[in-house]
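Two complexes come next, and they have one chain in common, chain A, joined by chain B in the first and chain C in the second.
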Partner chain A sequence: MMAVLLPAVYATSAALFAGAVDADRERAARWTLRVALVLHAADIVLRALRVQEFPIVDLWTTVSATAFSTALLWSLVARGARHSGSGGILLALVAFVQFLASSFVELEPVARAVPLDTLRIVHVAMSVVAVSALVLSGLHGVLWLTLFREMRNRRFGFLFQRLPDLDVLSRMTRRAALAGFLGLTVGLNVGIALAHSLKSPGFDYRHPEVLLSLLLWVHFGVVAFSQLIPGLGARRASFAAAGGLVVLLLSLFLMLLPNPFHVGA
Partner chain B sequence: MRRRTIVIGAGLAGLAAAFELHLAAQNVVVLEASDRPGGVVGSRAVGGFVFERGPHSVLAGAAHFRQLVEDLGLSSRLVRADPASHTRWLWRHRALHPLPASLPSFVKTDLLTWSGKRRVASEPLRRFAVPDVEPTLGAFLDERIGAEASRLFGGAFVRGVYAADLDELGARSAFPGMWGLAVEHGSILRGAVLRSVARAIRRPEPLPGPAFPRSALVSFPRGLQELVDMLARAIGPALRLNATVQGLERNDDHWLVRTNSGGLAGDAVVLAAHAHTTSELLASARVDVDLAALRTIREGDVTVVSLGFDAAELPALREGFGYLVPPVEDGRFAPAPRALGSIFTSNLFPQHAPAGGRSIASFYRGADVRQLPEGALIALAEADLGLALGTAQPPRACAVHVERWTDVIPRYAPGHDLALAQLEVDLAVVAPDLALAGSHVGGVSVDQVIATGRAAARALHVRLQEERA
Partner chain C sequence: MDPRASFVLVGLSHRTAPVAVRERYVVRHCDLQSTVTALRGLPDVQECFVLSTCNRTEVLAVGTKGVDLVASLQAQLFRNLEARHVYTYADVQALIHFFRVASGLDSLVLGESEVLAQIKHGMEASAAAGALGPALRPLLQQALHVGKRVRAETALGRGTLSVARVGIDVAARVFGSFERVNALVVGAGETGILVARHLRERGVGCLSFATRRPERAQDAARELGAEIAGLDRLRELVLRADLIVACVEADAPPLEVQHFDRRALARRDRPMVVLDLSVPRAVAAQVASLSPNLIVSDLDDLQRAVHENERGRARAVDGTSEILVAEIHKFLTLRTYSAFTPAIADLRRRFEQVRETTLDAISGTRTDPKEVQIAHELTKRLLDVALDQMKAGARSVRSEETLEVEYQRFLQSLSTERAPGCGPETP
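The block that comes next holds the complex of A and B.
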């Protein structure tokens, strides 16, 4: 039932945020999102109880966890910015991703052959949080560029009316990038420490997957602290965040390829 | 030999300082990096309209401004804003609402809920406990008048004055007068009433020039540019434009200012530049003081879009001063103007528009909006005005002027006032022949900026005289 319910509730909250034109409707949208998050959290916990281990066990449970993490992080970032104007677009994406996850995830949870130890759980969990935050940052960067383009072309239509001010969007981009940067800092370091401690065969800093992860870390670190870097205004930071999405997708793709030290999700 | 004072920066503070030194028959040189004096103060005539570059008017009760105007012989040129333009509007619930200006209108207003009104009304009954650490303005107002009124009225006002959010400012640093009322009387409202009564009884000294009500707004027929022009004329050739200061050095008993056209020696210096420039110059001079008060100050970017219309294009223009957009209405729930607010300038000063013309000025904050091309900014201001006035189509302007300001309004964070006071004390010890002036020193209003300039000049003049003696 959750497989149908989760994307449906996310989609409903996305539609409500997109159409929220007064405080009452926005409150309804926020409550719907809360319901979606609680249901999703319950689903993750139930899966964990059934397999008696960390519930991210394969590609689609990872995708589902990423959708949950993205929605949760968005609600925090939007609350910090006191603006939910990007909710319609962001949560529609979450609903789509969750729809894919719900379509392919094993309905009967399957446990891993070897359960994850604590360090691996931290590595996986922080990586999921980091990916969600980087997706958020990148998408807000795209929204900034879109809104700027709309305004430059003197189009004051739906997007202009729904999206927050440019400076609010750039603040959301930076905050999400900071969350991603911190998540990656923990996730990467734990992963590298694990690789060293287990003497993982084939682990090499020059491996494209490791290199791309480090590149992402630096890239979103620059976005997160762009306000402190002379010459790196909101426009360049938004381009950087949007460009980071491409690097992120490439990095995720490489993670899916078999390699000796990393088995992906 | 007359000793020379170098004033760095020909904004209003620098000009006022130079004028004060000029009155005291001091040898003064003013260095300005740009090609015009006045800084953010100035006006431009476009198609019969007078568009202000920055501030649009000054309170008639602004004593330092009135004294300067009198000293310059400009008092007879002062014009008072139309008394009918006193209504202020606030964007709320997809429309403009008049701001309550009296107790009955406060009771009747739709802008606040009844619980919000009750919270404001109870402010005099709750004694203010002075905290150990200066709170943000947001926290201070939330505590005093409740979050609803604080965010709505305080938030809108602060955006209009500082182009900032409530939580970016320190309550004492940004609004020392209001803080003083709360500290002295235990309540802002009680203090304000008592102060009004005291003023009514004492009857303050009349200000020089025309007898305008102190709460009236004033300007000049050709805008505030008249003040800048007169100051520049009074200072004469001592004002050097396009003179970028690249460094400041101290050699024994004099200062050496390095500019793009060579060095200049002086006995004293007034630093009337931006906070960060001032900080860099003090660092280059190796003045041994803690510059954190200047380095950490954040200065906001503001873009002013001035539009002139044919009156027929703006039939829905309201009476009154203009409108503010509070932060909670930033487009969160419904379409709202992106501007911090707009001034209906031709309502204030009809002489600033040609016959049959109307003008408005809209203010936008942030570096992001500043990057938009001029055409887009004008279209944005027109769209905002159409939304605010509820017209089906945005009005089309027949005259425009766009002014983009970078790092223009200092935002006094909590603790700024104490850090700055310490800096000035330290400077008086290690560099008594140097003084600071400008909006980062003593307030952002035109009156306060003039006060800092003249005070800095007077202090240096006294010190130079003491040295000579």
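The block that comes next holds the complex of A and C.
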């Protein structure tokens, strides 16, 4: 039932946020998102109870957890920015990702052959949070560039009416990048420590996956602190965040390929 | 007032013409009186009034009934203008249109109140040109009254709406808060000062004025805590500005490409917003292509931004049609009734003459004060009955129900009209 319910509730909240032209409708949208998040959290907990271990066990449970984390982080970032105008677009994407996850995830959860230890749980959890945050940052960067282009081309349509101000979008980009940067800092360090402690034979700093992860860490670090860097204004930071999104997708693709040190992570 | 006179209105506005057309036919404040004089000199024009704002240029004229003034007015004020940009209204339709204009219902920014001041300016120019008479003067006064009443009694007046405010709202979509914004207002006229006030209310970080005559805007600059400079320092002020708002009345654009430092623009990464609230436009067309960081918007762009919020507009005009219909009815009644004024004076004189003759015939030289009092009271009451009947007759010339139908027909004709090259339909 959750497989159908979760994407449907996310899609409903996305539709409500997209059409939230007054405070009442926005309140309804926020409540729908809360329901979606509670249901999703319950689903993750139930799966953990059934397999008696950390519930991220395969690709599609990872995708579902990323969808949950993205929605949760967006609600926190939007709350901080006091503007939910990007909710329609962001949550529609979450609904789509969750739809994919619900379509392919095993209905009967299967436990790993070897349960994860605490360090690995931290590594996986922080990586999921970091990926969600970086996706959010990248998408807000794309939204900034889109809205700026709309205004520059003198188009004042739906995006102009619904999206937050450029300044707010820029702030959301930086905050999400900061969350991603912190998550990635923990996830990467724990991952590297694990690789060293296990003396993983295939681990190499020059491996493309490690290099891309380090590149992302530096890249989004720059985006997160762009306000402090002279000459790096909202426009360049948004370009950087949008570019980072492309690197992130490439990095995720590399993670799907078999490699000697990342099996089962 | 001559009942044989009729109203004719010819004009163009943001609904029918883009700013590129409007700026060619704008009548500058200093030219208003001479324009009215020229129009008044046309054959069969008895009275006339010109309204010229950034949204519209219109002439309202009174002519002899049956004589078509449209062609001559159009040839005088809108020479070489394509017919699709011009609208013409006669009599009640002209009244409906003009009362809507005064109410801000036909404005780019719904309910904006600047139009009332502009009508007053137009009245002064018409009066100075000797073009205001018994037909137009009461109409214009009633239009001002209607404008105030509509704003006071409906949602239209909530919030202080103006083009200046809409411009600042669009800029706010870029900057969010104005605290760190360095704003430059080019022109220190009414709109310029209004823009500066809105910016101050929103806590703008730094505010400057650039104007042709800095000495004339010293007080406003001091009150608003703004720096003031002449147009010769424009390049220096533009260099450090994040937001430039141009609201000047000039034939040649005062804000040219050479006022912008290309190198500085290439270096800066913060968006720069240039709002052109002037008609004719004050920012040269090439400025927009100077840098990918520049957002340049003129009045047509603001109109598009405003029109996207149609739902809010529909809510705001609730209740305005009842007021307008009632006021037009009142005006037409008064107009018809005032046409009876000579007849009423004559009737009163004749009643009094008959009374005096009758009293003389009955009492001779020994008049009883009681009889005189009765005769006076009787005359007065009979006269009141006659006047009441005349008033009823004046009121029934056009009933409110008929006017309501005409008003709805007018609104329908507006909704089927499409503005060529402007308005929400234009991408």
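Observations
The working rule: the second predicted complex is superposed on the first by the 263 of 265 C-alpha atoms of A that agree within 3 Å, B and C clash if a C-alpha of one lies under 4 Å from a C-alpha of the other, contacts with A are read in each partner's own complex, and residues count from 1 in each chain.
Definition applied: a contact is a pair of C-beta atoms (placed from the backbone, for glycine too) under 8 Å apart; a residue touches a chain by one contact, two chains touch by 3 or more.
Every value quoted in this text rests on a predicted model; they were computed, and no experiment measured them.
Per the definitions stated earlier, placing chain B and chain C onto a shared chain A by superposition produces a clash between them.
Of the two partner chains, chain B and chain C are each touched by A:M151.
Contacts of A:S84 after superposition: chain B is touched, whereas chain C is not reached. Using the contact criterion defined above for the overlaid structures, shared-chain residue A:A234 touches chain B and also reaches chain C.
In the superposition on chain A, contact of A:A23 is made with chain B only, not with chain C.
In the superposed model, A:T118 lies in contact with neither chain B nor chain C. Of the two partner chains, chain B and chain C are each touched by A:D167.
Once the two structures are superposed, chain B and chain C can be ranked by residues of chain A touched, with B on top. Across the superposed pair, chain B and chain C both touch chain A at residues 21, 148, 151-152, 154, 156, 161, 165-168, 233-235. Interface residues of chain A, counted against chain B in their complex, comprise 20-23, 25-26, 82-85, 144, 148, 151-154, 156, 161-168, 170, 233-235.
Residues of chain B touching chain A in their complex: 327-328, 330-335, 338, 365-369, 371-373, 375-376, 379-380, 383. Taken in their complex, chain C has these residues touching chain A: 170, 172-177, 267-271, 292-295, 297, 301, 304-305, 308-309, 311, 427.
Contact residues of chain A toward chain C in the complex are 21, 147-148, 151-152, 154-157, 160-161, 165-168, 171, 231-236.
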